[in-house]
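This structure is in structure tokens; I'll ask about it shortly.
Going in written order, the chains are labelled A, B, C, D, E, F, G and H, and every chain counts its residues from 1.
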Amino acid sequence: MMAGVNADVQRLARQGLPEVVYAAGKTVAQVQAAVSALHAANGCVLATRVSPAVAAVLSTEGAVYDEISQVWSRGALPQMAEVAPVAVICAGTSDLPVAEEAARVLEFGGVEVLRVVDVGVAGLHRLLKRVEEIQRCSVVIVVAGMDGALPSVVGGLVRQPVIAVPTSVGYGASLQGIAALLTMLNSCAAGLAVVNIDNGFGAAVHALRILLGQGILK
Amino acid sequence: MMAGVNADVQRLARQGLPEVVYAAGKTVAQVQAAVSALHAANGCVLATRVSPAVAAVLSTEGAVYDEISQVWSRGALPQMAEVAPVAVICAGTSDLPVAEEAARVLEFGGVEVLRVVDVGVAGLHRLLKRVEEIQRCSVVIVVAGMDGALPSVVGGLVRQPVIAVPTSVGYGASLQGIAALLTMLNSCAAGLAVVNIDNGFGAAVHALRILLGQGILK
Amino acid sequence: MMAGVNADVQRLARQGLPEVVYAAGKTVAQVQAAVSALHAANGCVLATRVSPAVAAVLSTEGAVYDEISQVWSRGALPQMAEVAPVAVICAGTSDLPVAEEAARVLEFGGVEVLRVVDVGVAGLHRLLKRVEEIQRCSVVIVVAGMDGALPSVVGGLVRQPVIAVPTSVGYGASLQGIAALLTMLNSCAAGLAVVNIDNGFGAAVHALRILLGQGILK
Amino acid sequence: MMAGVNADVQRLARQGLPEVVYAAGKTVAQVQAAVSALHAANGCVLATRVSPAVAAVLSTEGAVYDEISQVWSRGALPQMAEVAPVAVICAGTSDLPVAEEAARVLEFGGVEVLRVVDVGVAGLHRLLKRVEEIQRCSVVIVVAGMDGALPSVVGGLVRQPVIAVPTSVGYGASLQGIAALLTMLNSCAAGLAVVNIDNGFGAAVHALRILLGQGILK
Amino acid sequence: MMAGVNADVQRLARQGLPEVVYAAGKTVAQVQAAVSALHAANGCVLATRVSPAVAAVLSTEGAVYDEISQVWSRGALPQMAEVAPVAVICAGTSDLPVAEEAARVLEFGGVEVLRVVDVGVAGLHRLLKRVEEIQRCSVVIVVAGMDGALPSVVGGLVRQPVIAVPTSVGYGASLQGIAALLTMLNSCAAGLAVVNIDNGFGAAVHALRILLGQGILK
Amino acid sequence: MMAGVNADVQRLARQGLPEVVYAAGKTVAQVQAAVSALHAANGCVLATRVSPAVAAVLSTEGAVYDEISQVWSRGALPQMAEVAPVAVICAGTSDLPVAEEAARVLEFGGVEVLRVVDVGVAGLHRLLKRVEEIQRCSVVIVVAGMDGALPSVVGGLVRQPVIAVPTSVGYGASLQGIAALLTMLNSCAAGLAVVNIDNGFGAAVHALRILLGQGILK
Amino acid sequence: MMAGVNADVQRLARQGLPEVVYAAGKTVAQVQAAVSALHAANGCVLATRVSPAVAAVLSTEGAVYDEISQVWSRGALPQMAEVAPVAVICAGTSDLPVAEEAARVLEFGGVEVLRVVDVGVAGLHRLLKRVEEIQRCSVVIVVAGMDGALPSVVGGLVRQPVIAVPTSVGYGASLQGIAALLTMLNSCAAGLAVVNIDNGFGAAVHALRILLGQGILK
Amino acid sequence: MMAGVNADVQRLARQGLPEVVYAAGKTVAQVQAAVSALHAANGCVLATRVSPAVAAVLSTEGAVYDEISQVWSRGALPQMAEVAPVAVICAGTSDLPVAEEAARVLEFGGVEVLRVVDVGVAGLHRLLKRVEEIQRCSVVIVVAGMDGALPSVVGGLVRQPVIAVPTSVGYGASLQGIAALLTMLNSCAAGLAVVNIDNGFGAAVHALRILLGQGILK
């Protein structure tokens, strides 16, 4: 039979960030094997989409599990001491799991996070009173489902790179997040970049790539 | 052969608004026949999606044609004297044809229009300084392509009925207006109603139905 | 961790209608917190998409829960004394949950409702004998799944603003309500406005915005 | 090089109806070859989707060409003397080309046609006053674009087999006829059968198969 | 609260076929009420999409329930004595539930059925040896999932009206039956008519409308 | 400015087949540069999707251009002397351009072609009388638009590898070839492999890869 | 009632490969009947998509069941002694079930398999160090979900026929494998052929058709 | 009539980048007005999607127009002296217009560009020999149509932020760039961010936002 899980233990050296275990669709044994190999190689490890049942099995000294975001981690990369926090903004309460996935991956990567919750565009005043705080961040991640309109508004209010994360929150014509994804790809605010639906992890890694590159001057 | 164009000349009496001629996909002769029959019956007539070539043929005393919106009209319904204007707001310059179609249908229906142009959400300050004016209107029509985010923002700023009109402005993942349509259907601002892509006419008629109903009290 | 639920307790003052709690995708604790905050601020509160399990937890003196529509409410806004009822019409028995969601939100908003059930276009006589009653209403909400044809027919029979609500009732090529949604967006009856699939709540709020605006004259 | 056009000259004997030439996407030479072979074999021939330019080349004694439907024919099958007419009903003027394609294929097949034009559901009275006439027909073909709602209404008013033909008439969310197609497939009137968008020809052939089968008793 | 189920007890008189109860999405009480009202009015009744649990509740003297097709019936219309059987053909074993739904509705309508099972086009010899039998039928219903190719092949082998029923059998790019539906709508065999995915009931009713119309001569 | 066209002149050595120029979307100068570089390197060159205008510019001694398939070539690879021909089968006359593209790429690759034209499944007898000839080929390419049903039928009649090519022939629900593509991906004949819509070239290269591999034994 | 399962016991003689039982959507009794009939006729039998529960029922002497791929088999065809192995390559651990389905069908067909696991393009070095081994195979099957990019890369590195299998692995915009399917159909590596999403079986049969044809020379 | 073009002349001060004129869908007069207002305010201006005809009208001293990318500019922002170049990589010749749009917007923004052309994954060696050069850049933009696989491969080879731009290059199942877009959204290389189809402009602005933020430390 086919052998599985061929963890890329050298990715930290090659790319500055270690491989992260995507637990969905893997057996518990596969997750455990990958987690062990990566922790052994890198001294820290993070896994996403970890169900409570799998987290219970992985549970070990020093491990942290967050049920909302289904992120499991053990250890972390060293803090990037001089980097301003990344803002993680979300439109509604139901977007929290995705926003928190992004936040925890950022913290694992050594970056501070400014969480801004429940500031959907239907009540603009809630966002407007947080703008200055957000403008002091290094990168801005905006998480929204349903109409996905929040990143366009934020994109017009800040100069930072904005990463938009559509979520599958909604029903009917939200098409499991396709509506929000399309909104963000068509944003009238220039320079937004978009990741897959519910992909808080990907947004965080894009931000980490940006922050790791702060030193890449001529 | 099949005979065509069976104009509904009694719709004014039945519904308070006369039939309007949709010129796209009709021959010049069919448009002309419908326009004549409706003018004879109602004393006024309006046609939408009239190409300049067809407009040239229709040209007659008292007719007005607007090339941007492709609306052609002759005469109008009596002014609704006591009704506040309808706001017609559009996100970008390219949305003007659809917004103007709505505006001209409203004016034909006897209602004043407040035009608010180029107030897309990527530059929120442009919209915010017009809000009070908009809040004094009776109904608000919001026209937007690309991300279609403007109606959600407007919907949270006013108490009036908001009618959202997606446009086919954009490219790639805008899918000829489907992206904007989905955004609007999933709006996080409660109580938005949506019409077909580029359907400025339909939005105006929904507004006219609302305003004609002002007297329907118990 | 991210804190959640940031209820918009001033929306009643700002928009004439209080925020409504959308319970789907929220934890019981989040629903309860939002419900309490809004009741404290406004003296009444309504929640939609409340499962029987959550309703049992919310249960309190004066609360009403309807299992069909999954609407939970406590108190209501004052009656709009002089406004004619809103007609809520539905095509088939399976559309009842969505129609009843609309009806209960309207009643919470202080408006009387005329319910007209099971009048699908395949048996036109059932609708035709109710038309006069419907014509005496202030606004008409039409709920239909499958072919979604009913709003087009109603739209041609009345002069009121018609709000069309597609439902996810059907199978196969109904595409979970997309077919009915498209039908309604393409209605040959002018002036129909459409809300998201199964969004009885949104249709009711659009109607309430119309009725609250009855006084907006010049 | 590949040789083309391999006309099925024995189909008349095998199926009771001769092969018909679909001219779109064929070169003039290919159309001409097919038309000649079929006329020689069957004594009559019909071609659909014939552009005026191609029709001019095909022009010959006894040939008839209709520009609206783009149907070209020479001769016809013998009349089915005892069969009641087929009703061909269309919702709007823009649906005429498709309706007329169906009508001309039926007449070529030896069946009388009752044409009923411009009876869309937004003005129901126009349809209702033609119902008795339609009920005396053998088969009913209903052609409609935009919301595609007409076949559902007709299907509830008659007992005959109803064949629904969606057209690509409309814009935006009509998706080139997909909206009307979906409406018809989800009709709440039982027993409707549907053909491809703009396929007046296919509807007519289904009707002819029904009428040719009148004698298939035990 | 809204009252439900408004059974159309006069449909038998009006259309020659009684209303049939579609049980999916209805409560047991709603199904029972409809079944009783229709049996009282017509002396026979049929329900589709009846789960075994609901069937157990409906169980009464003279009722028949088939688990494969989920059809429940009590009594039947009188036999159409002189009509040749309808062929119900299916491509694979997994299409049986849909084919059997069609067969049982036909038998309820008083028509004999010729069942032809498991004759998919990948093993053409299985179909070819049944062709003559099929050619002696009055109408041909062809049920197929996956590639949906069978109706095109059958349509070229018989002269009867062919009704194609796509099923949701398949996976991946079958898109829950959309692939088979599109195949059938684009059939190169002229005169095929198509019903919704898994709609064995609709195909049977179209066939019954054809057979009831055998007498509609001039 | 960006320089273009970086022809892969070593592909012949690396993969056994030279790079082929895809002319659509390239400027005449880009096509000419690629053609020259590849001819210089390999002694032969082929270009696909060459419009007559571009072909006129490329015209040179020894070049061959076919207007139907829009294939332009100069020279060819050596004949594979012992390999049986590849069958290229197409359903209808309108599929010829795609089938001929496949055929000419195969001939350029040194393989003989058996062309079988106009054998769509609606007239099965046409295909059945060619089956033995096809069974003597090495590989079978089947080209079909509309319902795309032909490859399923062929796949059940032969033992060879069958490569299915959907074409964009059709209208309405053919969705520019998506319908035929889905049919082929869902074929009930096991072992069919599919290429992109209208991709005669890709089918031919897959066949050439198979035939070049004849010697890859242990 | 309709009888089911009409196993094609002569397919081995006709096509060189026996019919395989697709167990999904069949009752246990139907699977058992088909398995018995095919084993009796051919001396070996294979079934795919067999759930553990069904496998337990089928369990018999000499039967082998693999839970990962859900393949059940008893016996096998004779080994093709001189044929080089088929490479079955997969991008990630979650693609293993589909890859293993392909591998087991190949082994049942008498062909050796080279399994290459977890070589996704995001860590190209893992693939590059296996390339020479893969180049010594007869046919290459590449299985990938999410972006589906692996087959394009492999297709450029080998000269063999490459069969691409998209999997439903992924979330959000992967659209249950549609994204990977589209990637593969649009591959810039010429000569890739594609099968349905998750169809490891179909890829294996296409490979077996190729290998069985090794002797088809002129 | 509605007045148009309300250029946001203060965006440079607010966001660090001036408004850019999107010329598609605007009249020549509207483009000219916007260009003049922005040049007057900022001392430099850039317009995208400028057809040659419009460029001819805009032509003025110091203006530069590139026909391939349809970018028109006059002046530029000051050079960012210490920033490493941005790599703009494209898969094929047909992707050049989009890649060059990105490159010219970057140069207008004061950043040097490393152009890497025609390095599609089907000939991996072409990319591999440019990798070190790319690794010395600050940000990496990857432009690809058809399968859109290049960004996944690049994303695994570099540590920089990677911005993926799908193009509408391709045919059939490329769905005008949707296939490439989906590939990129599902990339197995972590941390890719994606912009709209053909949106070279947006990718460049995201890169500029990143580079402008180099100084945002705590």
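Here, a contact is a pair of C-beta atoms (placed from the backbone, for glycine too) under 8 Å apart; a residue touches a chain by one contact, two chains touch by 3 or more.
From a predicted model like this one, the values you see are computed outputs, not experimental measurements.
**Q** Looking at the contacts, which chains touch subunit B and subunit E alike?
**A** Correct list: C, D.
**Q** Under the over-half criterion for shared residue numbers, do copies subunit D and subunit E use the same patch or different patches to meet?
**A** The interface of subunit D with subunit E is built from mostly shared positions.
**Q** Average the CA atoms of each chain to get its centre, and name the chain whose centre is farthest from that of subunit B.
**A** The most distant chain relative to subunit B turns out to be G.
**Q** Comparing centres built from CA atoms, which chain ends up most distant from subunit F?
**A** In terms of C-alpha centroids, the chain at the greatest distance from subunit F is C.
**Q** Distance between subunit C and subunit G based on Cα centroids, please, to the nearest Å.
**A** It comes to 50 Å between the two C-alpha centres.
**Q** Please compute the C-alpha centroid of subunit B, do the same for subunit D, then give the distance between them in whole Å.
**A** Chain centres of subunit B and subunit D, defined by C-alpha means, are spaced 36 Å apart.
**Q** Please compute the C-alpha centroid of subunit A, do the same for subunit B, then give the distance between them in whole Å.
**A** 42
**Q** On a C-alpha centroid basis, what's the spacing between subunit B and subunit G, in Å?
**A** A distance of 56 Å separates the two centres.
**Q** Name the residues of subunit E that each touch 2 or more other chains.
**A** Expected reply: 123, 156, 172-174, 178, 181, 185-186, 190, 196.
**Q** Between which chains does touch occur?
**A** Chain-chain contacts present: A-B, A-C, A-G, A-H, B-C, B-D, B-H, C-D, C-E, D-E, D-F, E-F, E-G, F-G, F-H, G-H.
**Q** Please output the residues of subunit B touching subunit H within their complex, sorted ascending.
**A** The touching residues are 66, 68, 90, 93-94, 96, 99-100, 103, 115, 117-119, 123, 126, 169, 171-174.
**Q** Can you name the residues of subunit B that touch subunit A in the complex?
**A** Answer in residue numbers: 91-92, 120-124, 146-149, 152-153, 155-157, 170, 172-175, 178-180, 182-190.
**Q** In the complex, go through subunit H and note every residue touching subunit B.
**A** 1-6, 8, 11, 24-26, 30, 166, 168, 176-178, 181, 196-199
**Q** Show which residues of subunit F lie in contact with subunit G when the two form their complex.
**A** Counting only subunit F, the residues touching subunit G are 14-17, 20, 81-84, 137-139, 156, 158-163, 181, 185-186, 190-197, 201-203, 205-206, 208-210, 212-214, 216-218.
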